[in-house]
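See the structures that follow.
Both complexes below contain subunit A, partnered by subunit B and then by subunit C.
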Partner chain A sequence: MMRVLLAALALVLAGPVHAQDKLPPAPYAYRQLDDPAQEARAKALMDTLRCLQCQGQAISDSDAPIAGDMRNQVRLRIAQGEDPEAIRAWLIERYGSYVSYKPKVDALTWPLFAAPLAFLTLAVIVLRKRFAKGRVA
Partner chain B sequence: MIANFGLAALWLAAALATLQLVAGGLSLRRETPALAGLVRPVAIAQGLLAAVAFAALIVLFWQTDLSVKLVATNSHSAKPLLYKIAGAWGNHEGSMLLWVTIMGLAGGFVALVERRLPEPTMLATLAAQAFVSIGFYAFLLMASNPFERLDPPVAEGQGLNPLLQDPGLAFHPPTLYIGYVGLSIAFSFAVGALITREVSPAFARAMRPWVLGAWIFLTLGITAGSYWAYYELGWGGWWFWDPVENASLMPWLAATALLHSVSVLASRNALRAWTVMLGVVAFSMSMVGTFLVRSGILTSVHAFAVDPTRGSFILALLAIYIGGALLLFALRAATVTEGQRFAVTSREGALVFNNVMLSATLGIVLIGTLYPLLAEAMGSKVSVGPPYFNPMGAVFVLPMLAVMAVGPLLRWRRDAMARIGKRLIVPGVLALTAFGVMVALGTGLLPALGLTLAAGLLVATLLPLAGRRLRTVTLPLWGMVLAHFGVAVSLFGMAADSAFTQERLVAARVGEIASVGPWQVRLQSIMPVAGPNWTALEGTLAASYGDDGTPAILRTQSRSFWAPVQQTNESALHTRWNGQLYAVLGEEAEGGRWQLRLWWKPFVTLIWLGGLLIGLGGLLALLGRVASDLRRLVAIDKIAYRRERQGR
Partner chain C sequence: MSQVDTKGRRWTLWLPLGLFVGFVVLVLFGLFRPAERTVESAMIGKPLPAFDLKAAVPDRPALKSSDFSGGNPRLLNIFASWCLPCAAEAPQLEALRRAGVEIHGVAIRDTPGDLAVFFAKYGNPYSRIGADNVSAIQFAIGSSGVPESFVIDARGVIRYQHIGDIRADQVPLILAKLKEAER
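Presenting the complex of A and B:
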């Protein structure tokens, strides 16, 4: 079983590398948009999208072919005037919410956002308690 | 032969740790001088034996002994000597051996020098240290034996990941590990003090140098790791909120909080229970970090579930040590009083604020790091990255840094803002000016706030020195001022980098010029070059800044390693006082063009310069503390000597 999995994994990993030998990288993988405002918007979005092949890198930080493809997609769509959040939604639909570094609040992720609120409340309570008792005569 | 010798030393060390625990524990229950007398020498011997085992592993790597499985899978005879030796700790088993070695040596050192605590507390501390060590010895011997043999030996090793073949990275893990494991001493002191209920300023003064020392190493380790990621990964990023980075940040946050609360306990006998709690939390974070990095859970939760031997071993250790310590804390917390009271506007008040904010930040990083793992275990994948950590962290960090401007100026116990208000005018004006500039430039909110605070702090952090004769300023005060100033410097670099970085990606022919920010960069040549275990294409760039005369020459490489086969990009950096030009040669594009990635990063170097200043500040404080401890010891000896003579 393990061996089959490994072989499958090797194929998956080899695929893009193999493809890369033949095809040049997508046009906007390593090229910026001419309009600086558009490029800035694309860059801001790319900084928050995960490279699916790497460990813990955004697509704007990666040499992986898939990251190049995604940069190309993002830049093309921004150039067509698409809204960055719409592009994010499209990518999430395609690759799952794993692709976005910006978790949205839903049934699964609410504790992530409840926690800071809880910490804030806790901090206020601790500080108030500490100093209400701690009045120095 | 050497492998067997190392393994024997490791077993012996584990046995001695057990003896240390039993002797220490028993003599706590009933006074047995014979057993109690054993504890210190055994702790020292245990540390030395672990060091012998580690030395044996280094020799094996040095000689590239391919009958040892670990050497065969992680080394190669053609590797440069530095990386052969660094290979000893560049893998799972070796790094865990390094962990127990540092832990043993640190415990032995405490046993050797620490004399100011009551003897029962010392025994409890050393027993606790042994208890923690035993778990990690067991982990090594049962689940990650570094001395495992291959029969027959292989003909050639598999090599070390080329990304790791970098002088910075050779010393990065040991630096972090010294920090991680240094906190184990703070943990053991905390547990020892809980057992004997002796939480006192003397306890804080005994613990402080260890916290400081560990914190210095963590600071330097994180700084170096960030710089490594910056120049090695080739995209100009210096912090990714990657779980591996967070694994080192979390102990640092806890240690920073502990460092501040332990000072309150040492000088004012306040925040007792809280300090003990942080002592437990700080090392717990070290262990959580080690679990994250070493269990394989980060690569994939599923891979972890398929082969959970190591992971569940570390998880069990975590549960025993963290759970045990917290249980002990819960049982004893009621008997540890909080200590002296103080007003909101006081040095202590500011430090409490610092502690609460740091703890909350730690909470954010912890949940942001662990939540994706939890979600994956429950069957869905989420990513938590900069869009979460940056704003959430800033909510707590920015107010804390604002208080940092004021805290060191306040008096202990109670003070009035009116007293120090005037001194804050200059930093306040600077901060407002910076804010105005950033708003006018239309940068993002976080960089604007960061630069605002940094501008104010650059002056405010120096104010504790104002009006003093600098010769009379004590080393710990110098240390504090320098470290706080370093925070301001680093913050300035972070904000400036994220607000003002210019990026340029081009496909250029040899001879063509690309511009980025104030720079004109000309691709002069592409030449093949060869190294000891790689070949590369080297791009030579001539970069001119504005109208400056002679251009700077940068050489960037696209390297191909052959053992193991891997491609890396070696970035080229040119540093000016006001920033860094960052260039990377990419792949060949069509039509004889080459991919070039260029960044102009204003003031980016301040990030790591600030980190170094923080570490240096810690070092000065540590030297000051150790020197005054030594003076006190000498004074006590003198008094004892005089008494003895008078008695005669």
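Presenting the complex of A and C:
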């Protein structure tokens, strides 16, 4: 019993091993831009950029250092007057479209957009046929 | 409705179930297949973006993008003293250095003190080390973690990306990629 308690105590006291840096976060990682309009633009962009380390999250949701650094870069560039879509394009050029959460129609993704339209058209045709038949009978 | 009509449609009765089973198989396949978690850089074949970094430690010069032009292909190693795989990679970098490879390092979010301790423990294979405290180089080059190594040819073009630590059995591969970059 004593041993179990000791083991439990050791677990409670043991600090987690962090493979992380000791530097403070980048200046604009956790600080909003002073201009609310600029911050809104930065936020909208950061909500649709993927964190490269914690890949299910947007950089605006993540506490990973690299996400903080990316927020810093996004905010600085927005503050310099750069267009959010230009920043997105810059990142896509480096990481591929994987880095962006914003849906985009291209050679690979067009069926996702075309399929619902095709199904809807098909449904309309089938239903019209059914109703037409019903009227005749 | 005629009888021929219903007979002809009998198989279509199973179509929705068939589609559903196909969908379930697809989902299961995606669920149990290990996900590809590495993000490859899209910058291979493109010139190294311009950068100019401060020196990370007092005993090695600073690093800028033009340090990669001329001479032989070089290795750009992105690392950090706080990164465990970077420590595991140290003997392989040392082996590459002994094989005559010039290795330039970029220390991500690091301090000179921590780097000195790291080098005392694991050795310092770098000719130049730049300090990048906001991961700017990583975004510019399409790197998403540490360690990552890039083969840069003498014209400053990115030729190859190695994600993660270079293992002992991967040293020949890196040497071959460096050789390939001479052309």
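The rule we apply is simple: the second predicted complex is superposed on the first by the 96 of 137 C-alpha atoms of A that agree within 3 Å, B and C clash if a C-alpha of one lies under 4 Å from a C-alpha of the other, contacts with A are read in each partner's own complex, and residues count from 1 in each chain.
Throughout what follows, contacts are C-beta pairs under 8 Å (C-beta built on N, C-alpha and C of every residue); 3 or more make two chains touch, one makes a residue touch a chain.
If you're wondering where the values come from, they're calculated on a predicted model, not measured in any experiment.
With both structures placed on the common chain, the touch criterion links A:Q55 to subunit B and to subunit C. By the touch criterion stated above, A:Q73 is placed in contact with subunit C alone, subunit B being left untouched.
Once chain A of one complex is fitted onto chain A of the other, the partner contacts of A:A115 are limited to subunit B, with no touch recorded for subunit C.
When the shared chain is aligned, no partner comes close enough to touch A:V105: not subunit B, not subunit C. Of the two partner chains, subunit B and subunit C are each touched by A:G96.
Once the two complexes are overlaid on the shared chain, A:R130 sits against subunit B while remaining clear of subunit C. Look at A:P65: by the touch rule set out above, it reaches subunit C but stays clear of subunit B.
Within the superposed three-chain model, A:A86 lies out of touch with both subunit B and subunit C [touch as defined at top]. Once the two structures are overlaid, the count of subunit A residues touched is higher for B than for its counterpart among subunit B and subunit C. When the two complexes are laid over each other on chain A, subunit A has residues 55, 96, 98-99 in contact with both subunit B and subunit C. For subunit A in complex with subunit B, the touching residues are 2, 24-25, 30-32, 43, 47-48, 50, 55-58, 60-63, 96-103, 108-109, 111-112, 115-116, 119-120, 122-123, 126-127, 130-131, 133-136. Considering their complex, residues 19-23, 26, 52-53, 55, 65-66, 69-70, 72-73, 91-96, 98-99 of subunit A touch subunit C. By the touch criterion given at the top, residues 233-235, 237, 240-244, 298-299, 306, 341-344, 349, 352-353, 356-357, 360, 363-364, 367-368, 371, 375, 378, 380-388, 392, 395-396, 413-414, 503-507, 569, 586-587, 589-590, 595, 597 of subunit B touch subunit A in their complex. The part of subunit C that touches subunit A in the complex is made up of residues 37, 39-43, 80, 82-84, 108-111, 114, 133-136, 138-142, 144-145.
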